[in-house]
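The structure that follows is given in the form of structure tokens.
As written, the chains take the letters A, B, C and D, and residue 1 is the first residue of each chain.
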Amino acid sequence: MNAAIRAVVRAGISYGMEVHGIERGFSGLVGGDNSRVFDLGAVAGIIHRGGTILHTARSTEFYEKEAQEQAARRMLEAGLESLVVIGGSGSFRGAQALQELGVKVVGIPATIDHDIPGTDSSIGFDTAVNTILEAITRLRDTATSHERIFVVEVMGRESGYIALAAGIAGGAEAIIIPEIKPDLDQICRRLLEGIARKKTHSLILVAEGAAGAYDIGQKVHQKTGLETRVVVLGHIQRGGTPSAVDRLLGSRMGAAAVTLLHRGYSGLMAAQRGTEIVAVPLARSFIGGRAFPEDLYELSLVLAR
Amino acid sequence: MNAAIRAVVRAGISYGMEVHGIERGFSGLVGGDNSRVFDLGAVAGIIHRGGTILHTARSTEFYEKEAQEQAARRMLEAGLESLVVIGGSGSFRGAQALQELGVKVVGIPATIDHDIPGTDSSIGFDTAVNTILEAITRLRDTATSHERIFVVEVMGRESGYIALAAGIAGGAEAIIIPEIKPDLDQICRRLLEGIARKKTHSLILVAEGAAGAYDIGQKVHQKTGLETRVVVLGHIQRGGTPSAVDRLLGSRMGAAAVTLLHRGYSGLMAAQRGTEIVAVPLARSFIGGRAFPEDLYELSLVLAR
Amino acid sequence: MNAAIRAVVRAGISYGMEVHGIERGFSGLVGGDNSRVFDLGAVAGIIHRGGTILHTARSTEFYEKEAQEQAARRMLEAGLESLVVIGGSGSFRGAQALQELGVKVVGIPATIDHDIPGTDSSIGFDTAVNTILEAITRLRDTATSHERIFVVEVMGRESGYIALAAGIAGGAEAIIIPEIKPDLDQICRRLLEGIARKKTHSLILVAEGAAGAYDIGQKVHQKTGLETRVVVLGHIQRGGTPSAVDRLLGSRMGAAAVTLLHRGYSGLMAAQRGTEIVAVPLARSFIGGRAFPEDLYELSLVLAR
Amino acid sequence: MNAAIRAVVRAGISYGMEVHGIERGFSGLVGGDNSRVFDLGAVAGIIHRGGTILHTARSTEFYEKEAQEQAARRMLEAGLESLVVIGGSGSFRGAQALQELGVKVVGIPATIDHDIPGTDSSIGFDTAVNTILEAITRLRDTATSHERIFVVEVMGRESGYIALAAGIAGGAEAIIIPEIKPDLDQICRRLLEGIARKKTHSLILVAEGAAGAYDIGQKVHQKTGLETRVVVLGHIQRGGTPSAVDRLLGSRMGAAAVTLLHRGYSGLMAAQRGTEIVAVPLARSFIGGRAFPEDLYELSLVLAR
């Protein structure tokens, strides 16, 4: 996210704007003194840092009309005309409300879950997949002479995209996602086939929204008699040095968002489509769902052996 | 590349094909005994390894008609009907010649330089950019109290794409690429402005095809009086654990290439377009050039301060 | 461990020995056909790989007299006179038994837990600590605006050494180890003091043998009202590219073990003392305990703020 | 180094001292306003950062009596009684001069070259070796089917210690160090033997003080006819996330240095001896040399095949 913040600041300054950084997200807009002018130096040396220099805050109060009105009033009083919101569908819903109250808004999609409709990708996803792959590589190294199944729980409450991407790239023997009911009998049959082919270990990736990893581990053990080991990656998947893709995406989207505001647009999201950054209506991000990546799922079945 | 090899083998087997691995590229096709049957296990445990299990060989002999005919003859005698070629424009030119001699061919674009027309991306590029970013992060850490300019030479003989991507993602203060004549006076003016803003170090990224890094270092020192340090990354940019993007791309392209052959197609390249893997004529990869990424270059000027 | 295996093979060959690799540890000795001659090439390209090319197997049968006799008989019948055992106290106990049955044995200490008496360090420990540090860095990046406590469970069933080393090097705010009963009230007081000084997150490292991380997380939450997040690192701590220290240690110990055998010694362990590799009686590794690193514990109390 | 700074500050505060951070090393002492009080928070979140938050500055002026007197005067005027110097032999020589002028001094050895007499290790060495190993792993991955020799130049102007450590841990086929005149004919014979055993690539590590890597590359090519590729690692070896060993060492030495000052000692260096941190006379660090690690050199000859 820091790459996006840096690009917003620098592109803004190149247009002659005064750019303020607001800490703690929407909560920071609503109350307290969380805004300060960002100059070129304020965003120096941050592009390779994980996390965000603005901190984040999950704020449920923002779904309330009153808080929204207070935020818009405070912004306009402080002379802040436009807002770049970096976040997911929930944040963009809040941004949309602010727009209706007179603030110009543009969104930048940033969510590890890769579940924002309207954009090919969002900031944070690639870094998280790379982090999961590192963990998987470590697990594979601990090969033993007796057969063992690792069950690894990764993020993805409603979308199995991250599990599919990490599972294919990590060579998982099975991937369990929320969108498809898993056929545990078939999975276990395949695991036993692998062992018959002298595999010493196999890997089942489970999206957290699909099933409990411990539950899967137990069932697989019961059905196959194989030793299972469960690893819940949890918060380790967040943070970490951002990947090249995420830094480039953040830089491009940050600059594009400011350019849109500079040209007078509002209510848009800077979105990736192929190799381009395009503008789509902000509402596109929370109305309608994202298509299930059927092709990745099919591919996973072919490769997972 | 190993992800692509693995996907070719596993997708091939899932279609009931017998898949052979040929070592040492075209040289391996022309002479010697470099082919062996690959089963599921032959490509197990390779997806996270850098390099390629098939080894590579740059072979100039393949531009000769005679060698091409020998390769085609040997393949058909051995009952090998189809060929998946993983490489760049040069390799695809050779593949095209083989097709005209009766071998079915499909190409998978793999080149760090990101310079193959017809596809949004190619295998190896993302890993290389991430490697460059690691090196840049290390250099930035060695901050000193007196001002210092690092000049880092990266790959890119004819294309500045890799330098632009790594330069933007790495926060370079200037990026010098083959496509645009550099304005060293302007670059030096910016470096001095940065120092006036208390920057202790700056970074100039130079694509190898644009200028010699040592030459740039010397000129910048002469024009600014600043201490310059030159680093030529060279072969370190190749190899290394493949990134998530490259592993997923290799897996998808490998499976797509085999599916194309299975359906009877030939003379195609598995190409990325947006989020999809599509088929484009193999000739598309070596006829006509790749558009210069003007938008990235403009972005680099805005962000590099 | 691969560095040690490589050094054993190459040092052995340099002395004119024939070196055999035995897979699956003691189980491999007792039954089946798990031994083959290792030449120089057999250990090429392995020094940077995690895990072990010989696989491991935990074998309880080896504590039985009968299995020991069978292993010794099989070794002597096969002309294998000497054995290098890479492992921990349990393995060395087995090795000692073999020695009494006529096989020459030398041990190389390798255990992540850093709990083998008689040697300053053992192979695997440094790699594991570095892995834990990477995970900690990722967690710290996910800083939020509301205060949060991470509770991270690391290895160490009886020894808190790994938790102390990783905790000090990772800047943990509290470290809970099996050797010292934790004063949760004091820990919570310190956490609250940190938050009063504007800390947004704190880290408690828990050795698995000291307490359950979930239990600690719950208690800290009850006592402080702070949000806690629990991460159990588990198997991720094993495996991974070995660190420089571990590769150098493995290389030195491997060569030293073979030199000891070559000179006719037996019943020894290659141990690190300061910058030297020395020989100590194998029994030293399982008789008597390892001193508790009081100084590290005291240091952790000074630094953890 | 940041781990040491952090430990100095926190240990100092635990003793009730007021701790000041001085930027830009000795230059900072001599002139300008480079000192400020460091509280607990000033060193929060730095333990995992490369480089040093105090910046460094090589200052030749400090060898002059006048500058030394000015520094001592300024310190005593400002009420700064004691100084912790983090650096190498040159810095400690300066520190010794300050002591004679009435300032209490304790040194902490920090130099990548591992060439400070009187201590088993110094801060920065382990991180640098790990960085070199990463680069070597990348080079090895770029294996090709035709034979290739990589010549990699690493740090070490007068000491080959870093080259030996990285060469053994990285499995180099030859290591060229300043202390031993290389026998290029023997090295080339070994390289050709390796190739006869089907090696596709070999690695020669050259300490910068021993020979020019380009010169070695050319000579090896002439003698063997093999393709050689030269990589000069240069500044990439500095910086980077500090390793576990360096963070722990820095933490221990930092705290020990303050404890020594607190107890009234001066003119000492916090040194590592085995697993202990001990105090040795500061002069020990610049009088007499460090013994050449003969055992590592011998080991490298046994393993490098």
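Methods note: contacts are C-beta pairs under 8 Å (C-beta built on N, C-alpha and C of every residue); 3 or more make two chains touch, one makes a residue touch a chain.
What you see is a predicted model, and the numbers here were worked out from it, not measured in a lab.
Asks: If each step moves to a chain the current one touches, what is the fewest number of steps from chain A to chain D?
Replies: Counted as steps through touching chains, the separation is 2.
Asks: Chain C-chain D contact: same residues or different, taking over half shared as same?
Replies: Both copies, chain C as well as chain D, present the same residues to each other, with over half of the numbers appearing on both sides.
Asks: Hey, how far is the Cα centre of chain A from the one of chain C, in Å?
Replies: Chain centroid spacing, chain A to chain C, equals 35 Å.
Asks: Could you tell me the distance, in whole angstrom, between the mean C-alpha positions of chain C and chain D?
Replies: One centre to the other, that is 27 Å.
Asks: Give, as an integer number of Å, the spacing between the C-alpha centres of chain C and chain B.
Replies: Computed value for the inter-centroid distance: 39 Å.
Asks: Which parts of chain D, given as residue numbers and ranges, touch two or more other chains?
Replies: Residues 137, 140 of chain D touch two or more partner chains.
Asks: What chain pairs are in touch here?
Replies: Pairs satisfying the touch definition: A-B, A-C, B-D, C-D.
Asks: For a test of understanding, state which residues of chain C touch chain D in their complex under the given definition.
Replies: Against chain D, the touching part of chain C is residues 3, 6-7, 10-11, 14, 40-41, 44-45, 47-48, 120, 126, 129-130, 133, 136-137, 140, 165-166, 168-171, 197-199, 241, 243-245, 247-248, 251-252, 255, 273-277, 295-296, 299, 302-303, 305.
Asks: Quick check: in the complex, which residue numbers of chain A touch chain C?
Replies: 23-25, 27-28, 49-51, 55-57, 131, 134-135, 137-146, 150, 200, 229-232, 234-240
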